[in-house]
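Shared between the two complexes below is chain A, which has chain B as its partner in the first and chain C in the second.
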Partner chain A sequence: MSQTSPDVLSQRFELGFTYTRSTGPVVGHFLTALKNKQLVGNRGSDGRVYVPPAEYDPVTAEALQDYVELGDTGIVQSWVWVNEPRAKHLMDKPFAFAQVVIDGADVPMLHMVDAGSESAMSTGMPVKLRWAETTRGHITDIACFEPV
Partner chain B sequence: MRDVAVISWAQSPMVGDAGALNEVELIMPVVQKALADAGLESVQDVDFTCSGSCDYLQGASFAFVSGVDALGAVPPIKESHVEMDAAWALYEAWLKIQMGQADSALVYGFAKSSPGDLPSVLSLQLDPYYLAPLWPDSISLAGLQARAMLDAGVISETDMAEVVVRSRGNARNNANAQLAGDVTIDELLAQPMYVSPLRKHDCCPVSDGASAMVICTVEKARALGHPYAVIKGIDHRIESNNLGARDLTRSVSTEQAAAAAGVAQGPVDIAELHAPFSHQEIILERALGLSEDTRVNLSGGVLAGNLMMAAGLDRIGEVAMRICAGEAGRGVAHATSGACLQQNMVVVLEAE
Partner chain C sequence: MSEDKTGITMMDAPIYLDYNFTAGSATSRFLHGLKQGVLIGQRCPGCDAVYVPARGSCARCGVATGEDVVLSDKATVESFTIVYIPIPGNPIKPPYIIANVVPDGANISFIHLISECNNEDVRIGQRVQAVWKPESEWTYAMDNIIYFKPIDEADIDPEQIGR
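Right, the complex of A and B next:
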């Protein structure tokens, strides 16, 4: 038996979920389109257009498929001004979270607006989508919106 | 339906930082007090126990199991847990009694929220693909709701400040309150914006602590010989997780739960509303159809202290204890969960 250092059993361990999950036909369709810098929504049972697309109608629970391709401009429906971003926020300077109704859609989507200052924000203001430098099929492929 | 009685409720002081105390040390005193106030010696004296907590606040999966250490569960007890506010633990216990599988139950909720950034942690309950990656914190989402109401002209900033003035004032009579005092609308409106259009006082504080309650059949309550309040109606409803698909200026699910619980079937002397943001108290008063005769949030509500995972149960406890004390004959308690009042419970309590 060796008189040097004792044998210690060791195993590398990475804390995390070691599986991947399919995002499914609706969310996956939206995220794949984002990777190609295309915004896609779908039509609810009442004809209203959702973007991001809804998997199931929020009222009737009907599975939704009827996709609509949309442009990259919209209108701010509601907003808050985050003057001091939290550690997890994706912007390190003051920004707005906003409900943006994409032109051609009816239901607003939540994202960020890089407006520089609160005084540049107003309800009803037009905004344009800014794509991330590299797109990879995530909601963050949309870097943010910016005032037009 | 079996009538179920609330016979005791204990709440720890609501503090911004419980220091070195761990969850078990927060739970033990309130469980012991709730059992003692009910005339019971130990957890072995109830048929069922159910708790509400959130593993995300402790930062470990199945962290809630350690809470059982506070009970003295030897020999083994019948126990369950909800990853929700303890108001929903009470709902599970109420169902257990309805099913005839228990005649009495202990319900408790606890959280030590202070070690993390609670508003950011709460963003993890959102849609994991569309929303959570953007880290929309709970305050920002509530601000979107407040802005929608202000823009629609259904509330004013003065209305919001009035809610805070009343909360701070009422909380002076609440020994467990974290925030209390005399403030005026002008003083509040002079404060700077926090997450515009919300000022800091429009948002509930982060609080550490725990609460516990004992419920039982009315027959058992009579046998124990304590005053009690009877749950006459209880219902909870949820809305879409898509914020854009909801009308944020009202609370449809509260309206539905209120109708199912029978709020309008009698006068409402007092109401305790789980409104983590000032404008939400106004939404809830309207959704419940409360008149000016109803005294709202005599405890100060959660703007005066917000025990995550117990604040909803606390609303039920506050109403029940005032009924037990003879201060009210009929009251309504409300509990909420999720972003912008996504899910809501309404409980109608009456004196026997």
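Right, the complex of A and C next:
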């Protein structure tokens, strides 16, 4: 404990909510595939492919089941450069948050691109998924995307 | 979809909020008092209510509380509950008693443990006194008081607790 002035006491304090969430069948299917280093989406009633898979059809609200295995490449649809990553970011060097449309999918997914510098980023650039060293069935099994 | 028995069904999703907690001048005075083994409250200049731990203002009058009041470490049980369910991370073994106690000289209660008694004998209006850690272990923390224990004094009429 430290004192910020002669009288007033101040102290670091961490409030932790250590939740474990149930995934439900659709997200569970997606995470199980990630554990096996396989990206899986699903197809909606209008033929569009969602990744991560959608639990319910955005058009008809029907439960979606038509899973589609996807590759590990995609295109950056939009992005923002994070020049000064904060402690809670998953990368400790500058990176981009990007909407990546996986090849074969129609709806972008939000993830990080490890491009090294902002000048290496551009809309429409091809990227490739980088897997975490060990996968465990969690969204962080996708370490990030990197320029091709 | 058929249930995949080997599939992922749960994921950890913890949230950690990191704060720099600053006690403020009123609560800091209370904590400095605890470091010395003394309970310090503050009196409202408007209604004379004594708050402990003081937050620096009177909830009733909306004015700053300025005058420090040294309180006894004897108190009265205002309410209590017997806890039977273990709480993760809490080292205290159930069943134990959590009580709102009003220190003598104060008008509001704070929460603490009651021990050195049969849980079944604890009652509203019962007189209790703080059991302190050894002085060498005192810090700026409420757990300088380990718990409150019943003392041999007549019960307070529930209507008069904190008056």
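We take it that the second predicted complex is superposed on the first by the 127 of 148 C-alpha atoms of A that agree within 3 Å, B and C clash if a C-alpha of one lies under 4 Å from a C-alpha of the other, contacts with A are read in each partner's own complex, and residues count from 1 in each chain.
One rule holds in what follows: contacts are C-beta pairs under 8 Å (C-beta built on N, C-alpha and C of every residue); 3 or more make two chains touch, one makes a residue touch a chain.
Fair warning: this is a prediction, and the values are worked out from it, not measured in the lab.
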Q.
Quick check on the superposed pair: does A:65 touch chain B, chain C, both, or neither? Answer first, second, both or neither.
A. second
Request  = Could you say whether A:41 touches chain B, chain C, both of them, or neither, answering first, second, both or neither?
outcome  = neither
Mind working out whether A:9 is in touch with chain B, chain C, both or neither, as first, second, both or neither? second
Looking at A:50 after the superposition, I want to know if it touches chain B, chain C, both of them or none. Which is it: first, second, both, neither?
first
Exercise. First (chain B), second (chain C), both or neither: which does A:74 touch?
Worked result: neither
**Request:** Mind working out whether A:32 is in touch with chain B, chain C, both or neither, as first, second, both or neither?
**Result:** second
Counting only touches as set out at the top, which of chain B and chain C does A:137 meet: first, second, both, neither?
second
Review point. Taking the superposition as given, does A:23 touch the first partner, chain B, the second, chain C, both, or neither?
Key: both
On chain A, the footprints of chain B and chain C overlap at residues 23, 27, 31, 87, 138-139
In their shared complex, chain A is touched by residues of chain B numbered 117, 119-120, 123, 129-131, 133-137, 140-141, 143-145, 147-148, 151, 193-198, 239-240, 242-246, 248
The answer for chain A against chain B in the complex is residues 23, 27, 31, 50, 52, 54, 58, 77-83, 86-90, 97-99, 107-112, 118, 123, 138-140
Given the complex, residues on chain A that touch chain C span 1, 4, 7-23, 25-29, 31-32, 35, 65, 87, 137-139
Chain C residues touching chain A in their complex are 1, 3-4, 6-25, 27-29, 31-32, 139-140
